[in-house]
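Shown next, in structure tokens, is the structure this report addresses.
A, B, C and D are the chain letters, set down in written order, and residue numbers restart from 1 in every chain.
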Amino acid sequence: MVAEPNNWGRFGPADQRGTLNLLTPGRVLAALATARTGEIVSLAAPIGRNAPHLRGRPSPQHFMSIDGADFAAGTRPVGAGLRMADDALIVSAHGTTTHMDALCHMWSGDELYNGHPASEVHSYGAKRCGIDQVGGLVARAVFYDLPSHRHVDHLPAGHRVLPEELAEISEIGPGDVAVIRTGWPRVWQEAPERYAAPQPGLSAAAGRWLAERDVAAVACDNAAIGGLNERGLADEPVEDDLHLILLHRHGIHLLEMLWLEDLVAPSPGEFLFVAAPLRLSGGTASPVTPLAIL
Amino acid sequence: MVAEPNNWGRFGPADQRGTLNLLTPGRVLAALATARTGEIVSLAAPIGRNAPHLRGRPSPQHFMSIDGADFAAGTRPVGAGLRMADDALIVSAHGTTTHMDALCHMWSGDELYNGHPASEVHSYGAKRCGIDQVGGLVARAVFYDLPSHRHVDHLPAGHRVLPEELAEISEIGPGDVAVIRTGWPRVWQEAPERYAAPQPGLSAAAGRWLAERDVAAVACDNAAIGGLNERGLADEPVEDDLHLILLHRHGIHLLEMLWLEDLVAPSPGEFLFVAAPLRLSGGTASPVTPLAIL
Amino acid sequence: MVAEPNNWGRFGPADQRGTLNLLTPGRVLAALATARTGEIVSLAAPIGRNAPHLRGRPSPQHFMSIDGADFAAGTRPVGAGLRMADDALIVSAHGTTTHMDALCHMWSGDELYNGHPASEVHSYGAKRCGIDQVGGLVARAVFYDLPSHRHVDHLPAGHRVLPEELAEISEIGPGDVAVIRTGWPRVWQEAPERYAAPQPGLSAAAGRWLAERDVAAVACDNAAIGGLNERGLADEPVEDDLHLILLHRHGIHLLEMLWLEDLVAPSPGEFLFVAAPLRLSGGTASPVTPLAIL
Amino acid sequence: MVAEPNNWGRFGPADQRGTLNLLTPGRVLAALATARTGEIVSLAAPIGRNAPHLRGRPSPQHFMSIDGADFAAGTRPVGAGLRMADDALIVSAHGTTTHMDALCHMWSGDELYNGHPASEVHSYGAKRCGIDQVGGLVARAVFYDLPSHRHVDHLPAGHRVLPEELAEISEIGPGDVAVIRTGWPRVWQEAPERYAAPQPGLSAAAGRWLAERDVAAVACDNAAIGGLNERGLADEPVEDDLHLILLHRHGIHLLEMLWLEDLVAPSPGEFLFVAAPLRLSGGTASPVTPLAIL
């Protein structure tokens, strides 16, 4: 591991894939072997009106451009009798959906991860480090089910997870995905007005602990990996910001707002994790349906 | 197999998952075992301006709501120095992206797959058979690389693939995914104005051959599984329409407009196939990044 | 005036323009003559993040597809040196903008205004009574500045304006536009969280009083012409619903959410009113910038 | 008139309204007096699928979020019996609709009209010279009906209108709007595939002739005021570009893609012109329905 403040370049000049480079064929085959029961669990929250959502973020909008009601009202079938439904989706992934961040999503100074100029992220999309660089993430996951470990429904809003809490549950290694449950999405179901802020999250020390272990990705059920204060903001100093530690300095992809309430902690706590964001040219993120294959 | 015209109900009353019910845990584990090299290949075309596209369909629109250029022009960082890029996507999946159809996408008469009333697909989305019923598709794929088998760049536009052509390449069994390459997306790269129509595709007989074998899904690189005539329409009679045979009558999920040009035919022609559409409540489809894990 | 429950047909069979038929050339010329000073006042609230807005309605979204920041960050000019900014707007007019309702916007039973079948309003837009039927509204306005008349900042939320209150300020005649100020948008500026509901509005009796006088349109600065209760709903019985009385039964166009705080009551209380909604084929409404020409 | 290359500042420091400053109350009253018959003519093309449109520009998209077909299919009315239709519009005005350009739309170098820094036009919208600065345009129009004058259906695609052609029809004065008909939209109706390019338009000399006369706005039925070549581009040198001459150097607002085919040339060739773009904060343009009041 290269020391902070950044370890740009460890995957070679002009690298745009960050820790996805760790997903060697050998590790992929090993990851496939972690599945024991063949059960598939979706880790995505629904995209729609009743889904966890940060304040001030534009809600996804879903429109039908033709539907069954139209035919009920007299629309003629196509050709010899075909009827169809078609639709459109408007989505801003960050803060509104289960999504994966691109490496271009956050930075400080004038450079993205690995020294790419931030000015190459402009109105036509990100010319560097876009979500279209990801392809697919197939890896062994380690499940940090913190509420179950602590026998609570969810972590309290002010909680910042320490490295010791992670280490107590399990070690994790290069190319693994840390799937971290805070349980916070339950608050959405119980009292949606309390969901957005404050929120629990990782401490900077926990972020560094994960980075030192060369994880391929961190997937969390809160909205920002780190915690949010009463105003909905991360309030660590810049050197301790979780996105900067993980995404910007180490090229570690982040998945946020997962739905982990239907994932019963498997034994021995590992499973196969697959996520394949949309190949959106120059995108800063993609809504995604991560799968746990137990 | 229940005989046509439909085999509604074979997975039980009110079933909304169709052939995904075939993805038993045992089959999932067997599918994982088909991966031999651990190589991951994305089967998605880019979402953007230069992607295969049917005429008259609304192109995906991608907007940055904040980007690196803004900071270059003087926008102040957030808090102690965070800079970020954020975006929005507007997408109508059918005809414009690599996507997966929901079982509510097409029907004839007044009933969707399995007898659900088509009137339940209305402006608020599909209350039955939406894409949010899919979760994840993890299955053994059989690769029908027709152009390679015939030593051509791509099938001719008027070609309708016969069952014999499929059988000559490989048998396929219950719960498998048929990944069928026509090579047609190459036309987009060479002469985009010729891409949309006409297009090659499956014959009705080939559709029935696949349905009889209880495949879990059919994934094709053309736009409509069946072929398209000069006007961009399927022109089989209703009883032979590919969407009606597969999606409507048998509940077989369809994936269309895959990018298969980077997939070198593996030996022995099988691989692990994973697709996880967005959990869009009541959606008729989802753009998707299917993965081949070789 | 035809008696309620509806006076369909008074402008002839299949009429889609309702009271706009009252805007005869003679009345238009008379309306132009009401302008005395030549001062132009925009009656539109801004379209953007800080604009009056009902809860649960999708906020307008505005995206730049190219802008000055891009050029600051190095984007090359077009051709010999042109630089440009371009943008896109996503808008749901009702409840989020100063807008004009189409006659297809609201009804009871199975028929729109003038007996057009409601089933002709489907996913492809309204085939009857769409906002594209309006063209332009050029009329004499009578200004009912209720807060000024009562020496208050704004009407209280529970207030329902009675006909006597209108009559006390001014009579109004055929083809005129009633511009009615409640002052409620000031609440947005003072305490936005209180804006959406409850809201003051017209009583059913006031609606009937206006309909009896054959006004061409009613333009109000609240969100629903009638008042809203704590839950943001109109709660009159169907026969007293303001939209049904005015729009549905009498074909009187409605303009809502005007910004009237910059309009100083002119003397003698009349002015030229111009509104020209977008010619959106089959639209249920259009955001609009109404003009007062004093 | 200040000499070119720009006359920034003639309306005072930091001016964002350009020639709209010429719309003095006296001129507004004089403009109102030009109406003789009271006939209202909409000068807007429809917003929808069958409207004149430049290639490569995103078509407007219109979605119903609830409609009459839904009720036909069983959706329950709201409250005691209200039924309603609601919709959403996605629109990029330039090149797809009858629209009005903001003064921030085009420039060369680093400064907008009147010296405002172009970097203030960023992803959050234009902080200077946005379309929200316009309010309303109420002015005397002079109608240059070139095809009628020349007894042709429309100008040929390669035609560049000279000042002499305008002068021959009518003089024009300070604060007037030049409404210029090329007839080109007829091509859309006859052969839509020929509409986009090439197109006829003004010559640079005609642009200067109008600027010297201090017009308030130029409203044309072609797509770019100037002509377009075979590739759909303006191909004058920068000093002769029509947008730069009019919008950038003189602050003259432009309206494009008007529908003038229903406007019979009035005698004596003048009428009242009203246009009120949406008050879109920081917008680069607005779709608009200009009105001619004859």
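As a convention for this text, a residue touches a chain if its C-beta (ideal position, glycine included) is under 8 Å from a C-beta of that chain, and two chains touch if they have at least 3 such contacts.
All figures in this text were calculated on a predicted structure; none of them were measured in a lab.
Listed by label, the chains touching chain A and chain D alike are B, C.
A turn of 180° superposes the CA atoms of chain A on those of chain B, with the angle given to the nearest 5.
Taking A-C and B-C together, the pair of chains sharing more C-beta contacts is A-C. By the residue-number overlap criterion, the interface of chain B with chain D counts as same, with over half of its numbers used by both chains. Measuring from the averaged C-alpha position of chain A to that of chain B gives a distance of 24 Å.
One finds 45 Å separating the Cα centroids of chain B and chain C. For chain A, residues touching at least two other chains, in rising order: 58, 61, 63-65, 67-70, 72-75, 88, 90, 119-120, 122-123. If the chains shown are joined wherever they touch, the resulting network links each chain directly to all the rest.
Residues 58-59, 61, 64-67, 69-70, 73-75, 90, 119-120, 122-124 of chain B are the ones that touch chain D when the two sit in their complex.
Interface of chain D with chain C (complex): residues 23-29, 32-33, 35, 37-42, 44-49, 58, 60, 62-65, 67-69, 71-72, 77-94, 97-98, 104-110, 112, 117-123, 125-126, 132, 135-136, 138, 233-235, 237-238, 241, 243-244, 272, 274-285, 287-291, 293.
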